[in-house]
Amino acid sequence: MGEAMILFDNVTKVYGRDTVALERVDLEIEAGEFVFLVGASGSGKSTIMRLILKEVEPTAGSISVNGTKLASIPRRRVPHHRRNIGCVFQDFKLLPNKTAAENVAYAMEVTGQRRRSIRIKVPQILSLVGLAEKSEKYPHELSGGQQQRVSIARAFVSQPPILIADEPTGNLDPDTSMDIMQLLDRIHRIGTTVVVATHDRDMVNALQKRVVALEDGRVVRDKVKGAYADEV
Amino acid sequence: MRFNLGFSLREALKNMRLNPLMSITSVVTTFICLLVLGVGLLVSAHVEGVVSAVRQDVSVEAFFLQDASQEEMDRVRETVEGYPEVSEVTYVSGEEAVERFRQTFSERPDIVSDLGDDFLPASLQIQLEDPGAADDVARRLEGERSVVENIDYPQRTIERLDAVTSYVIWGLHGATALFLVASVLLISNTIRLSIFARRQEIEVMKLVGASDGFVRTPFLFEGLAQGLVGGGLAAAAVLWLNSLFVEWSGTALPFVPISVTAVNSLFVLGVLLLAGASIGVLGSFLSMRRFLKI
Amino acid sequence: MGEAMILFDNVTKVYGRDTVALERVDLEIEAGEFVFLVGASGSGKSTIMRLILKEVEPTAGSISVNGTKLASIPRRRVPHHRRNIGCVFQDFKLLPNKTAAENVAYAMEVTGQRRRSIRIKVPQILSLVGLAEKSEKYPHELSGGQQQRVSIARAFVSQPPILIADEPTGNLDPDTSMDIMQLLDRIHRIGTTVVVATHDRDMVNALQKRVVALEDGRVVRDKVKGAYADEV
Amino acid sequence: MRFNLGFSLREALKNMRLNPLMSITSVVTTFICLLVLGVGLLVSAHVEGVVSAVRQDVSVEAFFLQDASQEEMDRVRETVEGYPEVSEVTYVSGEEAVERFRQTFSERPDIVSDLGDDFLPASLQIQLEDPGAADDVARRLEGERSVVENIDYPQRTIERLDAVTSYVIWGLHGATALFLVASVLLISNTIRLSIFARRQEIEVMKLVGASDGFVRTPFLFEGLAQGLVGGGLAAAAVLWLNSLFVEWSGTALPFVPISVTAVNSLFVLGVLLLAGASIGVLGSFLSMRRFLKI
């Protein structure tokens, strides 16, 4: 059994004064694991993603990523932490003033990679998600699913050790969704730790991976080879 | 991560091209503020020039005794020319003085006709560097009592002139400082708003792993470019207005001592470029801080 | 057979210089019909929605809604046209400075409805989509699925004769999705014309409604009682 | 759709509360611009006041014939007092004139001692409403050739004063107009940016069926409120500065004719409020247009 890549220790997250998004969550994800996060709308999936990214701080409990306690990372070092994590955001979060290719390239530029390797890799990854023809389009010129795929391409272009994807197929048709899921599976097989929050029942059932189910901010089910809705 | 200057520059240029409205707004704001500031500098410089020219018109008159010999008078003249407060000394003989009197009263032949040709004494017209020194010069001339009979200078006028001009110059400096503060506030307001409009972009950059510096540098270059363009245009406009004004005043107000040299072109250019650039960079820097905290 | 509520006559839409989003589309949707629009990502579903809303103009061909040619509606009258159409946007399009309740209320306010009727109806509709507790939250305080449900609530709060929903369940779990689809079905049964663009195979198969399938901007299938992927 | 004033007002208030940064930025920009404009109005008013006081110091002197009788001189005096251009007439007898001459040359007893007591004629010192009328008054006095011997007025000084003061006043008006234009541009730039930051909101409102007016009215109220607050604060600051200045100048520059009445408080308040409100409303209106086109 590998070491813990992502470790939630009794984590509670309260937004504002009284919105409890997560309550005493214990979660251990090992290096190289593939985990589906499922749960009803508002059950806290995105909050887990945000906590891993250190976009928000937990109200109680502690989170470690790759052996480092997030609370101990100084503000200055947060970008380094984030560069180890590729993230597909539920609302895409593309840069509106950059084309699809530039958006993907940006994730490589922040890590200071060579322009030459950027110029080679970006088109490769865009054609992998089926957007070779759209690389020079700005986000507002792309359909919802196309924007989502740009966000996916950006998340794994620098091959980070951790990939977290929040609803990565919400705007994609079943065929494209299956392609994306197989892509995630391939990325997982080369050693990446993958966490996917999803509502896609077919996908979860087909891939037979570990499934963590949330309900009102609590982990209610955690099965190594789970389906979307096992009987508990 | 190595610092990537080329990247930041390219980003800045791209953004200005893609958001022309915001860039133009920033440039226009900088231009207008610095134009007003520059015109203030201009007016300041010219008023100071005129005022100091007027102050130099104040003179001390020393009248010689009727029986003073030419050698004595020449000696006094040389002594006075050596005083450090004195900028120029002119000798006026008794005949010249009478001639001037006659001219002054030329429309009153009834007065002039009664007078002889030598009823006025010779005198020295002493121009001062600074009218405030009139008292000192007069006191030194007391030492020449054997030659100099009488010392005359418009004490009250000097005092008033001194008061008014120092207030005017203070006022002008105050107004210029006020314009500078107003410009800083107005330009940084504009910058704050244009960065506010892009706060989500900044957030996204931070979330995909960009460091503060990496996010910030292109914005600083943008601020720098906009500030330099705005400041440069303002300086050009100010210098152009100045040359127009000096030319115009030469014909329209020939008796007012206005000169091109009152305004130092390089100084104006430098001040406006520096003001534009530093407000642009600093304004961007400060406006971004709160949005980088993610 | 009813009269045509929405009529696309040989409509072509080209974005920019060379992005053909729709090509010679003929489509007739009768008053009171329920139509699913399906198709791969980028096939033109959202473009059809935008054309119906008169958010964009067709490059060629003509569109009529409720017997009126859209090209003949003057700019001043466009708001009236839009008030006949409830729209669930793929990217939600909530007003960021308004709470969930205010966002829903805004759609009633634009039609000049009484404050009293607004105060009664908005909470009703919010609890119908399961957001009674979130009514005073701003969009950035809501999860993706909750924002989507606010958008849904806003679309039908004024009971417009036409309801178009672009991917209304993309961010919702299967249970909530089914609730929403049943809601759409109920709205359809009281006489509303409903057009739903979706990737949700289960949903389409379960409801057995008319299905219009797009492929690269062309209508490739139009079945009265269709499934998500019939053999053509 | 019936027009809903209450709704628009509530929306405007809510938005200002939720976007304090933008509201404050707009108010501050308006305040600064109008403050500078107001200070410009102030300076203008005071300079005009001083200048017109100085102009009124210019006088025409009419010297009587040595043999003119007192009755004739009184008659002429009354006639002249009736001229519309004339503000004040003072009679100076021959003895008074000699006395003044002696005082002027009191430090030169050598000149004065030679002169008799009646070598200067009686005269009228005529104060004018407007120094430009000196020529006219002089020409009218020509008609009194039997009594009046000689008319004297500082033609060159008047011309210079006329030229300088009219240029100064034109310059001040020009500067005020320039400030006004600059203020309009700067404030509308700020408004444009703050509306640009909310363009997507406007788009969404239009897409859910709001008419242009429905979307626009709350923004106009916001612009109005921000303009009024900014203008009101600026007016208050200007009036406060004015009272400070007048008080200070009373003690520091007693010989400069500065008066509170040179500045009309209501006028300043009105101009600044009106400017703030109209720029706010109009700026919002114009800035919104392009984003409403959807």
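Observations
Labels for the chains are A, B, C and D, by order of writing; each one numbers its residues from 1.
Here is the rule we use: a contact is a pair of C-beta atoms (placed from the backbone, for glycine too) under 8 Å apart; a residue touches a chain by one contact, two chains touch by 3 or more.
What you see is a predicted model; the values in this text were computed from it and never measured.
Graph distance from chain B to chain D, where chains that touch are one step apart, equals 1. Both chain C and chain D are touched by no common chain.
Chain B and chain C have Cα centroids separated by 67 Å. In terms of their C-alpha centroids, the spacing between chain A and chain B amounts to 62 Å. Centre-to-centre separation of chain A and chain C, using mean CA positions: 29 Å. Shared interface positions of chain D, i.e. residues touching 2 or more other chains, are not present.
Residues of chain A found to touch two or more other chains are absent. Taken as a graph of touching chains, this assembly is arranged as a ring, one closed cycle with exactly two partners per chain.
In summary, the structure contains touching chain pairs A-B, A-C, B-D, C-D. Contacts from chain B toward chain A in the complex involve residues 1-2, 4, 7, 14-15, 18-19, 201, 204-212, 214, 293-294. On the chain C side of its complex with chain D, the touching residues are 53, 55, 75-76, 79-80, 82-83, 85, 87, 89, 93-97, 106-107, 109-112, 154. Across the interface of their complex, chain D is touched by residues 21-22, 25, 28-29, 32-33, 35-36, 39, 63, 66, 107-108, 110-111, 114-115, 119-121, 150, 152, 160, 163-164, 167, 175, 178-179, 182, 185-186, 189-190, 192-194, 196-197, 252-253, 255-256 of chain B. Touching chain A in their complex are the following residues of chain C: 15-16, 19, 38-42, 46, 90-91, 137, 141-146, 148-149, 166-167, 170-177, 199, 201-202, 228-229.
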